[in-house]
Structures are given as structure tokens and as C-alpha cells.
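Note that chain A is present in both complexes that follow, paired respectively with chain B and with chain C.
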Partner chain A sequence: MSGSTLQRHPFHLVDPSPWPIFGSLSALCTTIGAVMWMHSYVNGGFMFAFGFAGLLYTMAVWWRDIVKEATYEGHHTVAVQTGLRWGMILFIVSEIMFFFAFFWAFFHPSIAPGIDLGGIWPPKGIEVLSPWEVPLLNTLILLLSGASVTWAHHAILCGEKQQTVYALGVTIILAIIFTGLQGLEYVEAPFSISDGVYGCTFFLATGFHGFHVFVGTVFLTVCLFRQSFGHFTPSHHFGFEAAAWYWHFVDVVWLFLFVSIYWWGGQ
Partner chain B sequence: MASTMSLRQAGRSLAGLARTNLNKTKQGVRNMSGGSYEEELANTNMWRNVTFVGLPCIVGLTAYIFSQAHHHGSEQPAYSYLQIRTKEFPWGKANLFDVLSGKAKSEE
Partner chain C sequence: MASSCVRQLGTNVLRRIASYSAIVGGTQQLGKRSFSAAKSGDSMMEAQEHATGLEKAEKDGAARGVNIFTEGEAWLQAPFGTPEKPVVVTSSFSERIVGVTDPEDDSIVVWDFIRQGEPPKQIIENGEYFVLKKIDNPEDHFVPHSWP
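Right after this comes the complex of A and B.
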């Protein structure tokens, strides 16, 4: 960054960065390693872990750079924030399409179950989880976490810094409880991912949702630390808003999972 | 030509309209991002109260659900189309969550 010259436009011309190519190579290593691991090649697990560690490192340092550019170098002008908003909106739209595919995979066999499933849904022989126990509890936990993240947002908007940290803390604890309960359900489940189309679609959809909950939890935790470092102001806190949007998205996906897979698909 | 003039005028007034709208949106606070400090404080308190009312409800429901005895149905028949294992997983023969929870050790 050349600090002496006056910038006559509001846009952020980014500096060259090693992270795109480093992240791409890590992703390649992760994919090839995962395939080798799943096909029991020698050192496949090591290659997968090595690539994945590279991916985690890339995420940490790349986002560290963005936080620096936003908070300490002032590159995130109103125009740049508009771009960030569009980026996040398009990302969440792509995530909706991602989950749409899994719902399609679920509804295709369940709306008209074939003769190979016994002509019924859930398929013959599958003992399903009751929606009115842990899944209902998880629904309410996620809805409450939506309320507490809104509490955090309004606390940021009126500059209540300590209260924002508390509200984010409550949200993160609820998120961790959700993940713990889902883990418990997975252990208790009488079917596995390789038990026909029911187990396959169930674990694919709920598993990817669980992974998104994990990512959202990390996102909110980063926001908690940034808030306690004083990074967010009442007028400029897009990092938090992106996390809140993502969290609401994850919440809505769960509502659809609960209604269609656990409730409608579990009768 | 009169028609060209009116087109130009229309264009100019449209551009003016766009400019004023742009200025309007750039001033003040973004849409859905709250208003005055008092309004935001009221919103903060409301959502804090919602959270504080919800938390004991969640705790109560958790206690209720886990106090109910788990009624697992009778052992399901060994259908030939379930539990198909034609090759090992990277972590072995058993289900991953049985391995993680220690359930699988007794079977192997």
C-alpha cells in the first residue's frame, strides 16, 4: 500500500497474494489424498491430512489479511462493502442450490417409493428416529440462537460492546449444544449411511447441514473475538452481518430438514 | 424536433431522479439496519428478553426429553438389503459413529 498518494476512487485494488495458488494446491492435495485414502492407498490418509492442514492454514491467513485490510487499513469503503454484500448473497444462493440437490435426492425416492423399498417410506426394515425428541429440541435451539444473534446485532448497532460479546457467547453455546445433540443422534441411529437410499439421503443432507453448523459456529466465534478486540462499530460491521446471514441460512435449512426428512419422511 | 427535445428532457429528469434517490440512499443508515440509539436500545432489550425467556424453556424441554425412557423397538430382522458391507471403510468394517462411540469394539 502506498500511503503517500491520494486514492481518487472508492475501490479496493488488492495487493498480490500467495494464498489463492497456495489454497488451490492444498485443495488438489486434499482431493487426491481423500480419493487415495478411501481406496486404501499407502499414505493416502497422510496426503489428505497434509492437504487439509494446508487448506485450514490458507483460510486462517487469508482471512487474517482481509481483517487487516478492513479494520486497520480502511480499504472497506461503502462501495467495497456493497461488493462484499453481493458476494455473500451470491454465496448463500449457491448454498441454497447445493442443499436443493440433497432435498431433491430425498424426495425422489420418498414421494413414490419403489417396489425395492417395499413400496413404503420409510423403506421396509428401516427404524427411523422420532422427530419429537431430539430433532424438535434441536429446532428450538436453532430458533433461539437466531434470536440471540439478533440480540447481538442490535447490541452492536447501539454500541453495547460487552452485551454483544455475551449475546454472541450465548449463540455459540447454543450452536455447540446443537452439534453435540446431533452427534448423539448419529451414534443412536439404528441405520447407517450405507443402508440403502434412506440412510444415504438422511446422512448426506443432515451431515452436510451439521458441517455448515460447524462452519457457522467458527464464523460466529471469529466475530466474538473481533468484537472483544473492538473491530466492529455501529456503522461498520459487515463481518458480523455476513456471519448472521449465514447463521440464519443454516437455521432455515434445518427447518426444511426437520419438516421434510424427520417429520414428513419419518411417519 | 419536439419529440427529441421531450426525450432529452425525460432523460434529464430521469437522471435527476436517479441522482436524488442515490443521495437519499447514501445518507443516513442503511435499510433494516436500525434507527436512533433509543430505538436500537429498545430492540436490544427486546431480543435479550426473548433469549432469556427461551433459555429456561430449552433447558426444561431438554430435561423432559432425556427423562423419558428411550423405547427402542424390537431388534430389526437381518434383512439382506441392509447392513451391506462389500468392502472396508478407511476406518475398518464398522460404522464410523459406532467406532467413535466405542460401540464397535465388542463386535470385532
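Right after this comes the complex of A and C.
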């Protein structure tokens, strides 16, 4: 290849795209609709649903375009991949900041429980979930899924296409089992989100974690499809690596939740 | 010149939007690549055969032991422009602005017009000689040119 029509630098200057403005407007519609809905304004729910659908559509088409640019157009040089790596790392760091806030919200009342809680933690009247039942099982499930995603990575590195698919499948199945079990725990829990600061911090922290599990599951599922379509090679599979990093982050957050809220917080 | 600049810009923008819509609409062929679960078979492709576009050029260069963005390209090793063999500056118009960096300090750029019909011109003292070549087809910008 003479390279006569190639750009002279390794970076990707993206083509104009409608998705950023479309996503922004969808987010606006979602937030206004949510407020309208919560305050019983007419068509608030519809506005929220419309905006939310727009957000989901934006995510699908924007990331689809990135897959096209990378796999089909070859824009993802080493320099571009390096940028994406830093981007994903910084995004995960921002997510850690997010959870830091909820852990702070938990530790503040639990380390020094106020008189309104009875001066004890767990607060008087709260019947906590035993950490050694479903929560322990969920811990083992997530740890095993961390191992299976590592198996998938090694399979990609060795060029084992079908094995990668199996390993990713195992990971996703474990993730779905985790989510199902957490859902059951939520339904059966003897306390609700409105039950004082205990219920509030419990459900917010575990709830946002559950949402991140869902996001991670979708990310891994997309990787499963891309792998079966042959998008990944042993030396270039950053989409998978990003999903695996995110999954390990989700696992680590759960370990912190288990130790702090379920175990220490339940004593 | 300003109006033809604007027209060219407009054409470029429209071309970009058209090509973008074609990609989105699926009507443009992005090379001959296609992936499907059935086609890709049981094995993963090796990086060399899988890559395309700029990534492929980068990998091909790396296989030759060359970083294509910093070395190994003709334009990076082009000979110094002399009055007999000046640097040929292609342009769709009858003049083009060329900038030359100060050899002592590359944050300083000296700008000048290179006009059609003028003999090879230096922009800075002891600098390269430039001459304009008017082209009709924008693709000709990328074809190697030499002073006849």
C-alpha cells in the first residue's frame, strides 16, 4: 500500500454525527419527563418514556457506529486504542467515585449511629438479611464469573473462537443468575428503601450495583455477538477487554458491599 | 476566491453528509468486508488478514519495521526544494498559502502566497523553493508531483 491517500497521523478524527445532539435532547426529554411524571403532570410519563427510548436508541446507534469505524473501516490504530484504554480506565475511576459517595453515606450513620436509630447499628427494628445465605452465594457467583471472563480472555489470546464464546456464555449466565437472586432478595427483604437510613443506604448502594451488573451483562453480551461474528483477533480485542475491566470493577464493588453492608453492617 | 472556497467547502460538507448517510443507510460498500457467525467459521482471523484501512497500513508498516506516521513515507523524506527541483505545491486555485517553520524554532511559522505562473520561490532565507501547480481533480493532491 502506497499510503498516498492515508492520513499522516494515527488518530481518528471522527466524521460528523447526529448522535451527540440526539442523545442530549433525549436526555433532556427524559429528565423533564421524569420530573413531570413525578409531579403528576399530564403526559409526563409519555415524555419520560419517549426520552428514555431515545437514550437507548442513541446508545445502540452510537456504539454501532464505533464498531463500524473500528472493525469495518480500520480507524482504530494503536494510538486510538491507547486513547480508548485511558478513556475506559478514567470512566471506571469516575464510577468508583460514584460508589464512594454511597459507601460514605452508609459508613457515616453506621459507624456512629444516632439516638434516632437507637444508638445501635443495625438500627432498632431492622431485621437484616443473613450474609451467609443468598449474599454469600452471590459473592461466589460473581467471583466465578470473574474467573470465566478471564478464561474468555485467555481463549481470545489463543485464538480459540468457540471456547471464547463458551466462556463468555458462562459469564453471562452467572450474571443473570446473580441478578435473579438479587431480585428475589429484594422482593423478600423484611425492610424497604423507606425504612430509615438503613433501608435507604442498603437499597441505594446495592441497587446501583445491580444496575451496573445489568450494564456489564449487556456489554458482555454485545462482546459475545461480536466474537461470534469474528470481530475480535488475538491481538486486537479492546471492546472485550473494556467489558472485562468493567466486569471486574462490578465484582470488586460487590465484594466491598458484601463485607461492609452485609457482613460488618449486619452484626 | 472566497466564493469558490465556500463552494468547495460546501461540496465537501455535502459529500461527507452523503457518505455518512450511505454508511448509516447501508447502501455504501465499505470495501468487501462482511462478517457473520456463519462466515467466520471456527477460527479467529489473524490480525494481519483481519485489519483494514489505516490500521492495516500501520500493521503492514510495523511488519516492515517502519512506523508509517514518523518514517518510511516518501513525503517525510522528500528532497529539499531547490530552484531546479522545487517543492511542487498543488492547488485547485491559482494561489496557495504555504507556511515554513523557522529551522531554529519550529513554533515560528512564516507564511506566504505561492502563485501560479511565478518561478520557484523561497519563503525564508536559505529555505526551500516552492512552485504552484494547478490541478483539476482533488485526488491529484495525493499523487507524487515533480517539477518538469
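As a working rule, the second predicted complex is superposed on the first by the 263 of 267 C-alpha atoms of A that agree within 3 Å, B and C clash if a C-alpha of one lies under 4 Å from a C-alpha of the other, contacts with A are read in each partner's own complex, and residues count from 1 in each chain.
As a working rule, contacts are C-beta pairs under 8 Å (C-beta built on N, C-alpha and C of every residue); 3 or more make two chains touch, one makes a residue touch a chain.
Owing to the predicted nature of the structure, the values given are computational and were not obtained by experimental measurement.
When both complexes are superposed on chain A, chain B and chain C end up sitting side by side without clashing.
With both structures placed on the common chain, the touch criterion links A:78 to chain B and to chain C. By the touch criterion stated above, A:10 is placed in contact with chain C alone, chain B being left untouched. In the overlay built on the shared chain, the residue A:230 is in contact with chain C alone; chain B does not reach it. Using the contact criterion defined above for the overlaid structures, shared-chain residue A:108 touches neither chain B nor chain C, since it reaches no partner. By the touch criterion stated above, A:195 is placed in contact with chain B alone, chain C being left untouched. Per the superposed model, the minimal spacing between any CA atom of chain B and any CA atom of chain C is 9 Å. In the superposition on chain A, chain A positions 78, 159-160, 234-235 are in contact with chain B in one complex as well as with chain C in the other. Of all residues in chain B, only 26, 29, 33-34, 37, 40-41, 43-44, 47-48, 50-51, 54-55, 57-58, 61-62, 65, 68, 70, 72-73, 76-77, 79, 81-85, 88, 90, 95, 97-98, 100-101, 103 touch chain A in the complex they form.
Of all the residues in chain C, the ones that touch chain A in their complex are 16-17, 19-20, 23-24, 30-31, 33, 35-37, 39-47, 50-58, 60, 68-69, 73, 75, 139, 142-144. Touching chain B in their complex are the following residues of chain A: 37-38, 40, 44-45, 78, 116, 124-127, 133-134, 136-137, 140-141, 143-144, 147-148, 150-151, 154-155, 157-160, 163, 167, 170, 174, 183, 186-192, 194-196, 234-235. Listing the residues of chain A that touch chain C in their complex gives 1, 3-10, 15-17, 65, 68, 71-78, 156, 159-162, 164, 228-236.
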